Amino acid sequence: MNYHWNWHIFWEPAPNGTGNYLDMLLSGLVLTIETAICAWIIALAFGSVIGVMRTLPSKIASWTGFAYVEFFRNMPLLVQLFVWFFVLPELLPRGMGLWLKQMPNAPFYTAAIGVGLFMSARVAEQTRAGINSLPRGQRLAATALGLTSAQTYRYVLLPMAFRIMVPPLTSEFLSTIKNTSVAITIGLIELTGQARAMQEFSFQVFEAFTAATMLYLMINIVVVIAMRFLERAVAVPGYISGK
Amino acid sequence: MKRLPVIGLALAAIVIAGHANAEELTGTLKKVKETGAITIGYRDSSIPFSYLDDNQKPIGFAIDICYKIVEAVQKELKLDKLKVELNPVTSSTRIPLLANDTIDLECGSTTNNPDRLKQVWFTNTHFLTATRFVSKKSSKLNSIDDLKGKSVASTSGTTNIKQLTEANAARNLGINIIPAKEHAESFLMVETDRAVAAVLDDILLASFVAGSKDPDSYVISTDAFSKPEPYGIMLRKDDVAFKKLADAATAALYTSGEGQKLYDKWFMQKIPPKGLNLNTPIGAELKHEFAKPSDSPDPDSYKAM
Amino acid sequence: MFSNFDFDVIRRSLGYLFLDGMTFTLTLTALAVVGALIFGTLIALMRLSGFRLLGWIAGLYVDLMRSLPLVLVIFWFYFLVPYIGQWLTGASRPVHVGAFTSSLVTFIMFEAAYFSEIMRAGIQSISKGQPAAAQALGLTYSQTMRYVVLPQAFRNMLPVLLTQSIVLFQDTSLVYVLSIPDFLGAASKVAQRDGRLVEMYLFAAAVYFIISCVASFGVRRLQARIAFVH
């Protein structure tokens, strides 16, 4: 194998003056986590609303939700990021477009919003499945008690639905973290991007990618454990998802 | 590790073979003889060294030089037919793809420097160029320090982005560096006002400006990030026989005057696809280099006659 | 707003976009789906077999592939495949593979993890009576799998498998990071060469959308028909 190994490369200074290569990778890791969390907040916010809309009896709400989900599910994430990053500024009036393009952290905001909206469609589907999996009796009992539609959702349906949804939402959150890597194409130098940059500056391809792989595995383990704690903490004893 | 015995056997085979028959082929030449094909790595948009014409075929100054090397290989190995395969590379994939055998020769705008010589070898220099930046005249950016606090684009995997990163750290400029995948993308960032400047080799900048929609609106800085550095065609490291052949072929090309003709074809005449004429006469240092071809990575070794 | 846009650039590059780009994308998708399905089923069987070591290895593989972003896996395989080829074939130097082969290997290996989870769910959903009856009839393990369990599992999971295939189709766009010429890569090349980002990217988005929409619609119809028979 015509490859020159050098595992000490992590402690050698990186050309961007901010420390060694390990620091470069860790700064990428931080950016990955920040982007993922922002995207996830957006995904949860929009996704829950759309998911609820799809379960409402109103036809308009149902159809709007359906259109929203289909729109974001049928385009690859990469293409969506390109449209937000490259196409949107050109379609806006010149002043606004220029402001968007020259914003110092444009890739970060675009990535957070782009990934967030993409994942919101999936969260919407999970929410819909979660609400629909509840026994019909719940809704009927709520009506019998005189609760309005909003109250039914707020006090009866959603609390249980979210508890049921914690496992699938965990995997959606992990997906969000993985999807932030697609943003290297619009210039977000997160973990995968830093690994690539490290490869380009130091020529140590395999060392760089091994480190990135280890870090992603670590994130995965941390998130899975954290979500299991969450599931146990919010579990309602005696219920479907409880102990 | 399962690989160890295989590598051991392979090494033993090479050593034994080397002793048994002094004329036994090694490295790239061996691979070409066995497979009957040689793979050239080309660039998308390194005008006029290696780029795609309207039919998506790679053409350019470096490509022509590479074909001369391929001719020499065919002659040396006495092959009736030698298949030439073309594989696209970018600034950041060229070295790994050379190392993992996807390409045998990288023909583009790769700078020959001591850092890279730890991973690859270069044949005789075919151009000299310094790193500069291009910007719109309206931005009024003259020196490197004017870039303070701005967004500047460059191509990933190049010496340019490395020099920009180092200058940014050394001079404390707080520049927001935007890495692009290919040279065309870097220039596009400036065209679309996403970056105020793009840092690349000055000859590449000249070709982009000349080929743009409004050449007069751009200016290439006189301030440079580096001395003029040599471009070389990349080969695999430690491939002694192939380097010898490539060196001989390129030296013959340059010293014979055909090198000058090839230079004029790409720099002083209209080139496809848009019939652009770069009008860049050969520099004194390069003329000297053609007369006395060298593969040195040291910019100071290239002096005018 | 659209006055100075040049939609003609789309018409001029249609040949290149579809003959080169889309062919690459569709071929890659088709071959990767087949390969990933076969490899995925194998992994699912390994996990469900009685042997703890096999199950453990298979589980590890699936967890690894599902923890990593596809972009990182694409980078890994692009640089690694020739060395793997060298190791597998015992050659004296890395095996020369092209961009397509490397992408194909990447997608088969990566998506197999997802297909294996789907097939595992499918196999587990078959009632225990089926393999029991097969055993009573004297069929061996491989015959049971081949003639009784897998066909039913496959049929039950067909909608989910097809949905995952559509996801694969969309994921192929990620080979963009290595400048490999798939449909999006081709659109991007034209966009950058002619400076027409808006037109080309909107067109690419529309094409992906239409293909995925039509395919999803087909899957939903199929799902309705299967559910009816069930």
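Note that the chains are named A, B and C in the order they appear, and that numbering of residues resets to 1 at the start of each chain.
FYI, contacts are C-beta pairs under 8 Å (C-beta built on N, C-alpha and C of every residue); 3 or more make two chains touch, one makes a residue touch a chain.
Just so it is clear, the structure is predicted and the values come from calculations on it, not from any experiment.
When chain pairs are compared by contacting C-beta pairs, A-C ranks highest. Relative to subunit C, the most remote chain by averaged C-alpha coordinates is B.
One simple way to say how far apart two chains are is to compare their mean CA positions; for subunit A and subunit C this gives 22 Å. Each chain gets one centre point, the mean of its Cα atoms, and the points for subunit B and subunit C are 36 Å apart. The distance from the centre of subunit A to the centre of subunit B, with each centre set as the mean of the Cα atoms, comes to 39 Å. Counting partner chains per residue, subunit B has residues 3, 96, 181, 192 touching two or more of them. Residue positions 79-80, 83, 93-94, 177, 197 of subunit C each touch two or more of the other chains.
Counting partner chains per residue, subunit A shows two or more touched chains at residues 1-3, 90, 185, 196, 205. Subunit A meets subunit C in the complex at residues 1-3, 70-71, 73-80, 82-83, 86-87, 90-91, 174, 177-182, 184-185, 192, 195-196, 205-206, 209, 212-213, 216-217, 220. Residues 2-3, 6, 10, 13-14, 31, 35, 39, 44-45, 52, 56, 87-88, 90, 93, 96-97, 100-102, 181-182, 184-185, 188, 191-192, 213 of subunit B are the ones that touch subunit C when the two sit in their complex.
Touching subunit B in their complex are the following residues of subunit C: 16, 20, 78-83, 87, 90, 92-99, 177-179, 181, 189, 192-193, 195, 197.
Of all residues in subunit C, only 1, 64, 66-72, 75-76, 79-80, 83, 86, 93-94, 170-171, 173-174, 176-177, 184, 197-198, 201-202, 204-205, 208-209, 212-213, 216 touch subunit A in the complex they form.
Contacts from subunit B toward subunit A in the complex involve residues 3, 7, 91-92, 95-96, 99, 116, 118-119, 151, 156-157, 161-162, 165-166, 168-170, 176, 178-181, 192-194, 236-238.
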